[in-house]
Structures are given as structure tokens and as C-alpha cells.
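For reference, the structures are reproduced in the following blocks.
Each of the two complexes below includes subunit A, the first together with subunit B, the second together with subunit C.
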Partner chain A sequence: MPAQATLGRAYPVRPARRTFLRANGFQQAAMMLPTCLFLVFLTIYPFVYSVYLSLHQVKLTTLNRAVFVGLRNYTNLLTDGLFLHALRNTAVLAVCSITLEILIGFAAAKVFFELSRWRFVVVLRSLYLLPMMATPLIVGMIAAYVFNPTIGIVNYLIELLGGTPVSWFGEPTTAMAAMVLINVWQWSPFMMLLTLAALTSIRDDLYEAARVDGAKWYHLVWYIEIPSVLNVVLLGAILRIIDVLRFFDVVYVTTRGGPGDATMVVTLYAYLQDFQFFQVGVGSAAAVLILGISIVVTTFAVKLLRVVEDA
Partner chain B sequence: MKHWMLASISALSLLAASGARAEDIDFKGKLGSYPSGTLKVISESDPYVDAIKATKDGFTGLTGAKVDVDAYGYDALHEKELLGCSQSDSTYDVMLIDGIWIGEFVEAGCLDPAEDRIAKEDPKLIAWNDYTPSGAGQATWEDKRYCLPVAIYYEMLFYRTDLFDKAGRNPPKTFDEVKEAAKFFTNNKDFPGVSGYAMNNQRGAAAGQQYFEWIFNAGGSPWKSNVVGAKDAYADMTPTLTSPESVALVQFFKDMTKFGPPGVEAYAWDERANAFAAGKLAMINDWSVRAQIANDPKSSQIAGKFASALMPSVSGKPVPPVGGWVMCLNAHGKQKDMAWNFMKWFASPQVHKQYTMAGGTASRVSTLQDPEVQAKFPWTKTIDESQKTAWTEVRPRVTGTFQLIDTVGVDVNKAIIGELTPQAAMDDANAKVTDMLKTSGLMK
Partner chain C sequence: MPKVRAKDVGLLAAALGFVLFAVAPIAWMALGAFKTTAGLISIPPVWPDFTYLDNFSQLLRENYPFLLNSIVVTLGATVLAMVLSIPMAFGLVNFKLRGTNALADWILSTRMMPPIAAAVPLFVIFRNLGLLDNVVALIIAYAGFNIPFAVWVSMSFLRRVPKEVLEAARMDGCSWFQLLLRIALPLSISGIVTVATFVFIFSWNEFLLALFLTTREARTFPIVVSSFISTGKVYWDLIAAASVIQILPPVVFTLLMQRHIVSGLTMGAVKD
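Our next item is the complex of A and B:
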């Protein structure tokens, strides 16, 4: 009788119990079925259908008159000035917004971290998080009022300070700046939250040791805090990249991609094709391209994160 | 003698009134009975929708059917109606669509033609010839009547009477006069806080629709065969967006931004109507329905202080743009008889007047010329004048009109903000529209 060497007493090895579940392959498959159905009908089928549509010249209102055009929708998109402009705008929006969000998020986290012993900091922190909880559509509507050139508070403040009112959504540069500001206002709290969590996890003895060695506050920030929060900030940046690639509501409510093409982003482009012009062939091709770009960008970002972690 | 005359006039008035009542139709028993029925109507959220809501209970009183009216913004309505149609959605029995969408909706099979139903009805009830001709045109596609025109608009000039009286000026009639008057009121210390004019400059639909509304008044035409009075305006859709008149018009739009409030480059319908109602503009051109926004003392600073005039034009001979909403039967609806009964009741001359008096948009000649209506809404006289020379095909009504107008609007906006010259912008628009029309088979 085979025996298992254990401390003290030997016990016989009992063969793994052949439970009903393990014994019954059908049952196993049945347990997996809901997940598989979910994936097939709500993820794989829509994606495959989108790819199918993207290979046709077709309108949503006349789906029965689809004409196979191969990759023409894709080649048209890649040479369409508006789509390329939308891609560039999305990239500018992502880089500017996320950079500012990281910087402001870090600064805010540092303030909350330093004030952590203060009694009312919890209330302040909760208030700071409020924009993040608002739906993007509401944020867009608020922004439309805030940046309104005649009745908006931003221009009112500018005039109070002796400046001239700005046509926020009427000029290409200011319109894009307004989009960045709206993004930063809404999502800096998210970066603050992540950074604050990372700051809180730094051991006190690290600070003590550094202070004993004569480190100033900026040494603490540079040599202890930034390296400690870097991983978390990068993770936050990846999530925000995915988010910015889906940025739609605010631009839809405020500028509709204008003035000119100044704030046209890829999601608005796809939306216009799909639901305003009902050109679902072109819209689907745009959606597939956006998905591809998202996968490439996030894969690269995740690899970068691993490199930083390993370092 | 005086008493005798007064008595005679009163007797004649009574006779006339009873005569008018004899023209009224007694709907009792003619609209069916739906004690537990509910009719769903989908509409745009322009001010006329409040008048529909104020009138609809008359149908409930006659038939027992409850009428629910849902209203959405312009783009959202187009999207919701067409998406619903593509899914054979029967949620809404009656759909209001912009007259320019009719080609697209007919092609997609969203509408039941009204022709056969109209033929079976009492002509006095339908009174088709009582609709303004350009309004009736909005409800017709390829010589077939699909819908009933219930909220027909005409684009007009609105101006502040208090400011114009103070300045001793008359409302402008030509482009040059508009520009001169706008310049006069802008940054004028006698009229503080007022800008001269605001146009629909926002990227896409707003600027695009503006282009089509003004091009005939600029002496041009958007495509070859679309000339005022053309028998088949769609015979040759070769775009003429690069014509000298067209380029000059876009330059005019750009010039007019100098006389607008800050941010006017991003203004669309609501921004302009709200700024006018807030007393910040001396003039705007707008659809007749939007006079109600300025006329509402609860929300407007200029109620009773504005008047209307015909749309300005280069030559002083305006081609007033026509637009507005036509009421149609959802082809996928499941209560078509009830829906038609509601439509014919609502669009009938007598109910149409009730609806107009509740703030709706007069779409019938009899209503436009009704002294009671004209007394309550003085701009009705200008609408009546406008409809006489309006042209049905000012805006394209073909399939893909949304994309076509949007495409033109993007380039017009680029010219307005200075990203392109007017010539370059219209060259670009012309090329894109040509490509679009060729792809969709509308142009060879």
C-alpha cells in the first residue's frame, strides 16, 4: 500500500474523488455554456458582423442592398483627411490630457497626503472626486454652459481679471484646449486617487531614513515618492488611454467636432458615419480600425509597464 | 339710423359666423372609438410641440384614445426614427419628420403612403389645396402624398422694433442692407450690449442648412437643375457650389461674424434664438416657429419688441426657404387606422387653427390669413407673404440629405473660421458632394 511520508503518521493516499461534475463532460460543458453564449452573441458575433459590414458599401436603412467592396472602406478611411485628422486629434487629446492629469493628480494627492491628519480632509477628498462620478454627457452639458462665450463663467472670470472674452468653441485652438481642460477637470481626481493610494503605501521608515541622511522635501519626492507611484500612475495612464480612445459625449454635446475639424475625434467620426449618415459600412470599418489601434496602443503600454516594474 | 346699421352689421356677422361653423366638420362618430387605446407620436422638440400637446386631448375626448407625444432634438429624432424603422419598430404610430428627410424615409420603407387614405376622405376634411403649396410639397415625394404638413416653417428676418425705431431705421431687404444695419448696431454706444446679427455658423448641419437656405437669395443654386420653379429639380444634380454667387455667399457669412457676439462662429439654432430672446442681438434670420421663443414673456426679454420681415436677398426679391415637419404614418405601426384618424383630425382646418392659436405653426393658407391668428401672432402676415414666393426644393430632399448638408456645412464652417478661403472651401465641398452623389447613384 503506497504510503505518503508525512510527519509522524503515514496516511494512505486516497485517489481523487470522481465527483459528478468531473466525471460528466456534458455537465462541464453546460456550466460553461452561459459564458460561451455571452461571448459568442455579445462579443464575437457583433465583432464578426462589424467586420462583415466593413467589407460592404451599405446603409443601415437598406441593409438588403449591401454591395461587397472588399477592403475599399479601409483604404478610403486611411486616405480620408477627416479620419486621419480625427486620429491626430485623439492622439493630441490623449497626450495633453493624460500628462496634465498625472501632474495635477500627483500634486493633489500630495496635498491630501500631507493633510491626511487633518480632520476634514475626507470631506475635501470626496468633493474632489465628484467630477469623476458625473456621466460624460452631463459633463459635456455643464461644459457647454461654463465655456459659453456670452453667459459662461470662464469668460466672466476672464473679464473680471481684465481680459477679453474668448470664443472657446469658435476657434480651433481654444476648442481643443477646452476639450483638454474638461478632460483634466473630470479625470485628475482618478489619477489623484491612484497616486494617493500609492503614496499611502510607502513605508514611514524610508522617509525617516532619508531625513536622517539630510534629504530635503524635493529629495523625498524625487527619490522615494515618484519611483513608488510610477507603476500605479502608468497603470492609470493605460486605463485613461483606453478611455480617451472612447471620448465622445463631451465633444458631441459641445462642438460636434468643430470648429472645422478641430475637435473631431475617432469615436465621433464613427458615430457620424453610423448613426447620422447611416453609412454602416464605413462606420464599421472605422470601428474595426479604432479597435485595432486600441489593441496596439494598450499592448505597447502594458509592455512598458512590465519594463518599469522589472526595473 | 346708427342703431339700424349696427344691428345689420351684427346680423351679418352672426350669419358669417354661422356660415363658418357650417364649414366645420362634426367629428363625432367619424374617428372611431378607442376607449383603452394609446397613440404614440414622436416629434421634434421645436416650440410647436407644446401646441400639439395642448390640442391632442380633443382627440381623446372624441375617441377615448390617449395620445402620448415624445419630443427629441433634431439629430436625435432623425437617428431614433430611422433606427426604429430599420428594426421594424412599431412603438410610434405617428412620426413627424422634417420635409427634407422624406426621400430617405421613403427609400427605407418607413412611411405608409397617405394617398389612398386621402382619396377616401371628405375633401373638406383634408383640404389639401388649403396647405401652402411649398408646405404641401414637403409632404410629397415622387408625386405621391405620404404625409400631412402640420408644422411648416418659413425662414424670415426678425428684428428688434425698439432698436430700429430708436435708430429711425427700416428693416433691411438686401444683403448689403443687412450688413450695413448689423455693422450699425454692433459696438454702438447708443445700443450697449447688443450685437448686429448672428448666423448659423456651427460645423455641420447648422452651417450646411444655412447655406441652402441662403443660396437662392444670393442669386445662386446648389445644383444644376434646381432652379426656382423647375419641374424636376433633381434631374441633374451636378453641384454648383463653386459658382461666383456661392463663393460670395460664403464670404458674406464670414463677413457677418464681425457683427456677432463672441463665439458666434459656433452658434447654431438654439444659441441664436436664445441670444435674440436675451436682447443681445438686433437681428436674426430664423424659422417662423422660433418667433415663439422671443415672444414668450417668461423667458424672453424682448417679448412684444420685435417684428418680422421677408428674408433678405441680394436682389431684394427673396426666395423664402421652406422647412418644417410633416406628420406621417409609421409603416411598421400596429394601429394604423387609429393613427390616420388622429392625423386627419389634427391636420383638419378647424383643429389646425386651434393648434395654431395654441402656439403651433400655421401651415394652411386659411389659417395664415385668419384675422384672429394674425392679431395674436403678428409675424403670421410675413409667413403668408413668404409662402407666396417660397421654393419647395431649397434644401435637398434626396436620400443622404443629412450627409450632404453636413458635408457642405463642414466646409462652410472652415471658411467662416478662416481655416480655408471661401473659394477653397467650396471647391472642397463641391468635390466631396460630387463624389457622394456619384457613389449613391444620384449623379452619373
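Our next item is the complex of A and C:
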């Protein structure tokens, strides 16, 4: 056993000393404490500071002149039409894209699963994964290029097929549809991978037993495969909801929330409050609400996940 | 070779369809990098000339310091995140202390922190430290945002190191640091490299925090690329070349490490 051989060679044997326990504690602290402090400095402190800012009327340019306003930033947000639109758009984006991602991901996983006897299909699967890790900003750039109303390839292809060109980012509905499409394009591969992992782990005897009982393919899908992939898909959906709440880079370079406020999403709203209008109190309140929504949705979804896993 | 079934043909056609849908937009932009500005905006589209490299040379001539920033920030953040995460993960797996589970859960929960909620506070912290528009600030911030991920996934790899081996070495008088550096790390190095690669890609792709924390000198490559489109005129030639450069590391990474992507992106919750 190689590990044993390493042990024999490399370590000087030291006798246990009285100070050992204390040294032990010191070592353990030395390994964990710096990381904890670092995380407190970078997540807890900013969070507390965000909450503090969200309770004040304060400009980014004059941070030391903060006026305490209690919950007024929050109540203002919940009556601000733009923020409510941003919330609604984010919800629409989440529901539409994640639903499509699950469906397309499942279909793609089925296809790659059925083809898994062929070695070369691994190459195709890798290629299918490419969008997933692509820099989101560049995804936005690519979208701006292909959806461009005059020079874009998408409209060119539409016209080639006899359709009428679409002014993608110019109309509220099509701009939103484009955002959904971009998300679906980038993240269906993720759902495919999750579903594929679950499909691969279904035991063969389950299929055999079902076939012996004369089950058709749609019986297999409905009674064996969908229940088997349900929990990973739910997990994927949770991660994607958190992601959609952070959706920013693509809208930042394509529509900037427009036309009008058709593609205004919550993170972009907070960014504009902070850096366009320097109203960091309002921006922070929006950011705290985004975190709150993430926590509520995740807690709920994790509960649902437990129920599914226990069933 | 397995026998070809009739339905395999249909399935293969479907698979090719999925691949085409996924790859075509990236490929289209990449082809554009080898076209002149006129070629880039020409309808009907023209075929690129792969000997035409002016877009790349013009882009890099003006913007290589920002590409360098991206490389420095990404490498720095990866090293810092790993140096802080590996001992933490090792401790959470091996130390028999009260509260390690709660500590691990707390670390996982910090993953929920949206960057936008930390952006203004970090802006203020780094301004007070005189680190605004400094790559050091980005290295610290990116490392912080990747530690929850790195700790959690490293834990799943470090758990596979046999406990007996560690205990035997401990009996022989090894310190915890020796256990980590000479036994646990070598035995789980492939997993740790996977984690580091993920941190590298996440940092490489980051945009929002860089937008808040840099103004001129320390701008990363994505920030500069975003300015090619926002100033009224759109520089498609520079955008196309920059897209190729920016997207190359994630593409190579995906092709090489696709086996680990599932467990990586689900924080180890799903095994591949």
C-alpha cells in the first residue's frame, strides 16, 4: 500500500509531550481560524453593513452623512413601479427559463443516455456542455451580435426561411423572450448533466422487471425515470433560482433593462440605484431583499426536496 | 462496435441538433474574429479569412494590460482561495470538535450571499484601505466568494482519504499540518486540482464585482470588453476577437473536465 510506504519513510517520530494538547488546539485553530475570519470579513460584515445602509438615506458620494430613515427604503421599494416590474420580470424569467431548461435538459439527457453505448457520443456530449461555463458577459456579447435586428444572423435565417424579421431587443415581449432563450441556451446542458447522472444510476433490474410486466416506453418514463430524476432536478432548480436572482451581465450589455423596463431585473435595479443614482440606501435595501428572497425560496425548495426524497 | 439499431439514427440526429444549437452561436462569434468590420456586419454573411489576424493584434496592442490584470487576479484569487479552503476543509473533515457541522453549514450558507449585496460594502472597505482600482482588492473579493464552494467540494474529496492512514501517522507523531501536506493532499490531489480549476473559471468569468471595484488601471478583461459596446459605437471587430480570448479557458476546461462538472456545480451534492 503506497500510503503505508510513505509513512515509513517521511516522518520523524516525536514523543508525545505534555504540551501536546495545547499544541494540537493551536494547530487546529491555525488551520481554521484564518478562513473563518476571512469569511466574516467578506460576507458577514458586508451583509451587516448592507442592512445598515438599507435603513439610511445615504449617497455613495457622501457616505458619512447617512440619515436614519427606518424601513422607509423598503416601503418605498415595494411601492416603486420599477422595482415591482423588476421583481415580476425576474419571476417570469425564472419560471420560463427553468421550466424550459428542465424539459430540454431531460430530452437531451434521454438522447445521450440512449446513445451511451457509443463511445464517440462522449465527444458530442462535451460539445453540448460548452455554453454552461462560457463567460456570461461574452454570452451577452454573442446575443447582442446574433440578435442584432440589422446585422444579426438570427434575423437573416428567419428571412431565409420566409419569416418576417424580429426587432429582438426593441419590443418588450421579444426582448424578454430573448433573455429566456439565452438562459435556456446556457443552462439546459446543466440540467442535462444532472438528469443524465440520475438516469445512469437507475438499476437495470428495475427496467427488466418493468419490461417483463409488459410496460411500454412511456410507462418507463413516467413510472421509473421521472421519479428517479425528480430530486436532482429539484436541486438543479434551486441552484438556478439563486442564479437567476443574480442575472446581470447579459442584460447589462444587451438591453440595460429596456425597452422601457421590459427586461429590468432585480440585480440590475440594485446596480443602477447604487451606481447610476448613487442611492446606496435604496440599492442596499433591494440587495437585502434579493438575499431574503434567495433564502426563502431555497428553504422552501429544500423542504420540498426532503419530501421528495422521503417519498 | 455495437450493432446499429434503427432508432439510433434518429437519436443521433437529435444529439447533433442539440450540439448544433449549443455550439453554433459561439462558433459564429469566433468566425467573426477573423473578419474585417465590413465582413462582420455584412448580410448575407461572408466566410472568414483565417489568415486575417488584425482584430487580435489591434485588440491586444491596446488592451493587453487588462488581459494581464485578468490573469493576475484569476491566478491570485485561485491560490488564495485554495490556501484558505484546503486546511479549513481538512479540519472540518478530521477534527473531532464540537460545532464542526454547524460551521460547515454556516460556510455553505455564505454561498447564498448575492454579489450585489456585498458590492457596496466591499467598495467602501477597499476605498478605506486605499485598494480601490487595485488588483489586490479583486483577488481578496474573488477568493472570498469562492471559499464556500472550494471548502465544500474539497471536503467531499478529503473525506475519501482513509481515516486509518491518518490515525496511524498521527500515532507516529505527525502534526496536523504534516498530515494534510504529506498524506491527505497527495492522496486527493486530482480532486483538489478540479476544485482549483473551478475557482479559476468562476474568477475568470466574474463581472459584477469588478464593475464596482475597478475604474481604470485594475480593470479586468471583461470590464474592458463591455466598454466596446456601451459607448454609442459598437466595435464588433474588437468584441469578436475579445470573445475568442475570453471564452477560450472555459471552453478548454469544459472539454477536459466534463466528468467533474456535475459534482462541481452542485457543490458535491450530485456525484458523477
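In the analysis below, the second predicted complex is superposed on the first by the 276 of 311 C-alpha atoms of A that agree within 3 Å, B and C clash if a C-alpha of one lies under 4 Å from a C-alpha of the other, contacts with A are read in each partner's own complex, and residues count from 1 in each chain.
By definition in this document, a residue touches a chain if its C-beta (ideal position, glycine included) is under 8 Å from a C-beta of that chain, and two chains touch if they have at least 3 such contacts.
As the structure is a prediction and not an experimental result, all values here were calculated from the model.
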More subunit A residues in contact [subunit B versus subunit C]: C
Between subunit B (first) and subunit C (second), which does A:D261 come into contact with in this model arrangement: first, second, both, or neither? first
Contacts of A:L63 with subunit B and subunit C, given as first, second, both or neither: both
State whether A:L161 touches subunit B only (first), subunit C only (second), both chains, or neither. neither
For A:G170, select first, second, both or neither according to whether it touches subunit B, subunit C, the two together, or no partner. first
Is A:V212 in contact with subunit B, with subunit C, with both, or with neither (first, second, both, neither)? neither
Is A:F275 contacted by the first partner subunit B, the second partner subunit C, both or neither? both
Counting only touches as set out at the top, which of subunit B and subunit C does A:T150 meet: first, second, both, neither? both
Give me the intersection of subunit A's contacts with subunit B and its contacts with subunit C, in residue numbers. 60, 63, 150, 275
Partner subunit A, residues of subunit B touching it in the complex: 75, 78-79, 82-83, 85-86, 104, 107-108, 110, 201-204, 261-266, 275, 280, 400, 402-403, 406, 410, 413-414, 416-417, 419, 439
Considering only the defined contacts, which subunit C positions touch subunit A in the complex? 2, 7-8, 11-12, 14-16, 18-19, 21-23, 25-26, 28-29, 32, 40-45, 84-85, 87-88, 90-92, 95, 97, 103, 107, 110, 112-125, 140-141, 143-145, 147-148, 151, 162, 165, 168-169, 172-178, 180, 182-183, 186-187, 201, 204-205, 207-208, 211-212, 222, 225-226, 229-230, 234, 236, 239-240, 242-243, 246-247, 250-251, 253-255, 258, 261-262, 265-266, 269-272
Residues of subunit A defined as touching subunit C within the complex: 3-4, 6-7, 10-16, 23-24, 27-28, 30-32, 34-36, 38-39, 41-47, 49-50, 53, 60, 63, 107-108, 111-112, 114-115, 117-118, 121, 124-138, 141-146, 150-151, 153, 156, 185, 189-190, 193-194, 197-198, 232, 235-236, 239, 242, 245-246, 248-249, 252-253, 267, 270-271, 274-275, 280, 283-284, 286-288, 290-291, 294-295, 298
Show me the residue ranges of subunit A that touch subunit B in the complex, using the header's touch definition. 57, 60-63, 82, 148-150, 155, 165-172, 175, 255-261, 272, 275-279
